[in-house]
Amino acid sequence: MTDLRALVLVCTLKPSPADSSSSLLGTQVLRELEQHGVTGEVVRVVDHQVRFGVSTDEGDGDEWPQLREKMLASDILVIAAPIWLGQPSSVCKMVLERLDAELSETDDEGRMLTYGKVAAIAVVGNEDGAHHVAAECQQALNEVGFSLPASGVTYWVGEALGSTDYQDVTPAPEQTTSMTKTVAANTAHLARVLKESGYPAV
Amino acid sequence: MTDLRALVLVCTLKPSPADSSSSLLGTQVLRELEQHGVTGEVVRVVDHQVRFGVSTDEGDGDEWPQLREKMLASDILVIAAPIWLGQPSSVCKMVLERLDAELSETDDEGRMLTYGKVAAIAVVGNEDGAHHVAAECQQALNEVGFSLPASGVTYWVGEALGSTDYQDVTPAPEQTTSMTKTVAANTAHLARVLKESGYPAV
Amino acid sequence: MTDLRALVLVCTLKPSPADSSSSLLGTQVLRELEQHGVTGEVVRVVDHQVRFGVSTDEGDGDEWPQLREKMLASDILVIAAPIWLGQPSSVCKMVLERLDAELSETDDEGRMLTYGKVAAIAVVGNEDGAHHVAAECQQALNEVGFSLPASGVTYWVGEALGSTDYQDVTPAPEQTTSMTKTVAANTAHLARVLKESGYPAV
Amino acid sequence: MTDLRALVLVCTLKPSPADSSSSLLGTQVLRELEQHGVTGEVVRVVDHQVRFGVSTDEGDGDEWPQLREKMLASDILVIAAPIWLGQPSSVCKMVLERLDAELSETDDEGRMLTYGKVAAIAVVGNEDGAHHVAAECQQALNEVGFSLPASGVTYWVGEALGSTDYQDVTPAPEQTTSMTKTVAANTAHLARVLKESGYPAV
């Protein structure tokens, strides 16, 4: 059964083809989702001309509308974010701000178009900040209509003040690999049950 | 159909019988949940001898085990928290720390006992801080196994540096009342579908 | 005595000439600083081509180096930030990320070039989030070398779920006006004493 | 010259004589402060009957008033806090809430009694969360009147999902040791210049 679609938005500050640990972890989440009947794609946000703003389309060559179409066509949204100064990247915040527009995009029953969609979070940094990045993403995504599965975050960070990148850790950290599997299983499950049985109108 | 149970943990700093805005908003969430086939109770945490700690039972007259029994018997956990200095109350943090113990309380398949349970958040303050309190609670509760329904937060705060309490606002703020209804409907729905179809073992 | 310089970085998402509440509050902080012997300027970040990144110069037409020159020539940095989803704007995070580069920009004694400089924060939103935005800015700016004066934040937000802009509130909220005066007095004082007596080498 | 006093409030959840990593790091900060003419003491908050509340004295055997006396007699306050779920401990939040009372404790000129005092932060956890704990503490302490020196945080955390305690890391992590020295030097310097030249009345 391949009945679910996922979109992974990678929020690194670096355009392709630069290596990116958040791209790697985001891709690993997608690989695990595929074990549960999900297909999808990974998009690096800074490779697109996304404008600052809080509307669905900021005009002036804004490429958010194309990313938004992919999001609306998906059942699952994965935010893959790097940590800077212990906080989510600016690119991640730009994505959350664009999703703020969904508060006004509702169906005839007043439900956001995001209702029924499920969000999962992947966070990487050299050191410290994963819980806080997850908190910022989870609160914002929940506010704009996404549901969150049990244990919906996977992450890796090194020891305090370290400088190793996730993509250079070998072998891959077992604990993170295990979390990624759990996130994928729980995310796919929640997306499937919500697809079968959507939120009622209030 | 009355098939679901809810526990509302009120995290005010003030023991009964002092008036409490967080108790009021938490109770209002329960009233709305009752419209969706949920029964439950409201517990003010500081009326009980809950110890600081991160285990399921800290001994020495610790009354968390009784509250934990109620939590385990419930499908829905509502955290009703006041804001101090723009942050969640210490009592709220004490509750989250006690729930940290659930990370090690798993079934034969390695799933936390909280899996399948749904959490909702109610926040009140004189002014400012609701989003951040929600973020702290949502991240922590999600980490310890709770699922979060779409738009799972209701709140009220006044204008910057204001000093009015939610319980003294008349008439009740319409926007908060409307959010409370949505939170209740979505929380009950998610709890019901997860009760019918629990997370699989990974 | 006009012996101190200030730079106000306005982190609204909207380019000039759009009205901006964060620009208004940032400008009010500068007006009050002028009462204490400070001269300076207000810069709206999105009017400049600032690139995403964590270096002092990202190349490719990056205009951060010019803003950085102004920062280095100032004794005081004021971050004026709007709130979105209860969190600092992406433009604000972009500025903090660029300042992350200062961790490696040190003098012969190993002190950051920002040592001795003082940061103040101005936050506005329709509703909720000022404390959290302040926390994010204060932690990040402190990490990259700025000192923070007592009561170094001024802010305005409206009641929960409100939609009024600070710039449309008349008369100006007295409490915010008073906080702005305090922030300016304390910021100028701290900048002056640190200019006279800089941090020693460790 | 031994002209400054410091109070270190250790916010571990565990009463003495249990070992505590936050007590260790807090004590190390005091040792380094002593190199800069500071004397002081380390107090473990949970060894005292501190009540939940936001006043200077909650009555009923509340022992905060004694701790508050020590704080008022000090030029420097160090908060040493453990991380739980990526967030500050409940005991730390309880201390911040008690300090909230200082907003109303002002001199004849309207200045808080905390004005001129300097706060430093020490954070430890098995893994992840130091920046966020620092942010929470710094925002709250700044709001209630404390000034913050450049680079005013020292911390240690291990790799993602690790379980090693700071007190068991041997040899002591060099980077944390170095940060602790910097925090002490900058904190003592700022406290000394503010003691000589206090904030003016507004």
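Just so it is clear, A, B, C and D label the chains in written order, and each chain counts residues from 1 on its own.
Here is the rule we go by: a residue touches a chain if its C-beta (ideal position, glycine included) is under 8 Å from a C-beta of that chain, and two chains touch if they have at least 3 such contacts.
None of the values given here were measured: they were computed from a predicted structure.
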Practice item. Look at both sides of the chain A and chain B contact and report whether the same residue positions are involved, with over half shared, or different ones. Key: same
Review point. Using each chain's Cα centroid, which is most distant from the centroid of chain D?
Key: A
Review point. When the centre of a chain is set as the mean of its C-alpha atoms, what distance in Å lies between chain B and chain D?
Key: 30
Exercise for review: Could you give the separation in Å between the centres of chain A and chain B, each centre being the mean of its C-alpha atoms?
Suggested key: 25
Study note, to complete from the structure: Between the Cα centroids of chain B and chain C the separation in whole angstrom comes to 36
**Study point:** Residues of chain D whose C-beta touches two or more other chains
**Key:** 85-87, 131, 134-136, 139, 143
Check your understanding: Contact residues on chain D for chain A in the complex?
Key -> 85-87, 127-132, 134-135, 155-162, 173, 175-176, 179
Review point. What part of chain D is in contact with chain B in the complex they form?
Key: 13, 46, 52-54, 84-91, 93-94, 96-97, 100, 136, 139-140, 143-144
Study note, to complete from the structure: Per the touch rule above, chain C residues touching chain D in the complex are 112, 114-116, 131, 134-136, 138-139, 142-143, 145-153, 181-182, 185-186, 189-190, 193-194, 196-197, 199-200, 202
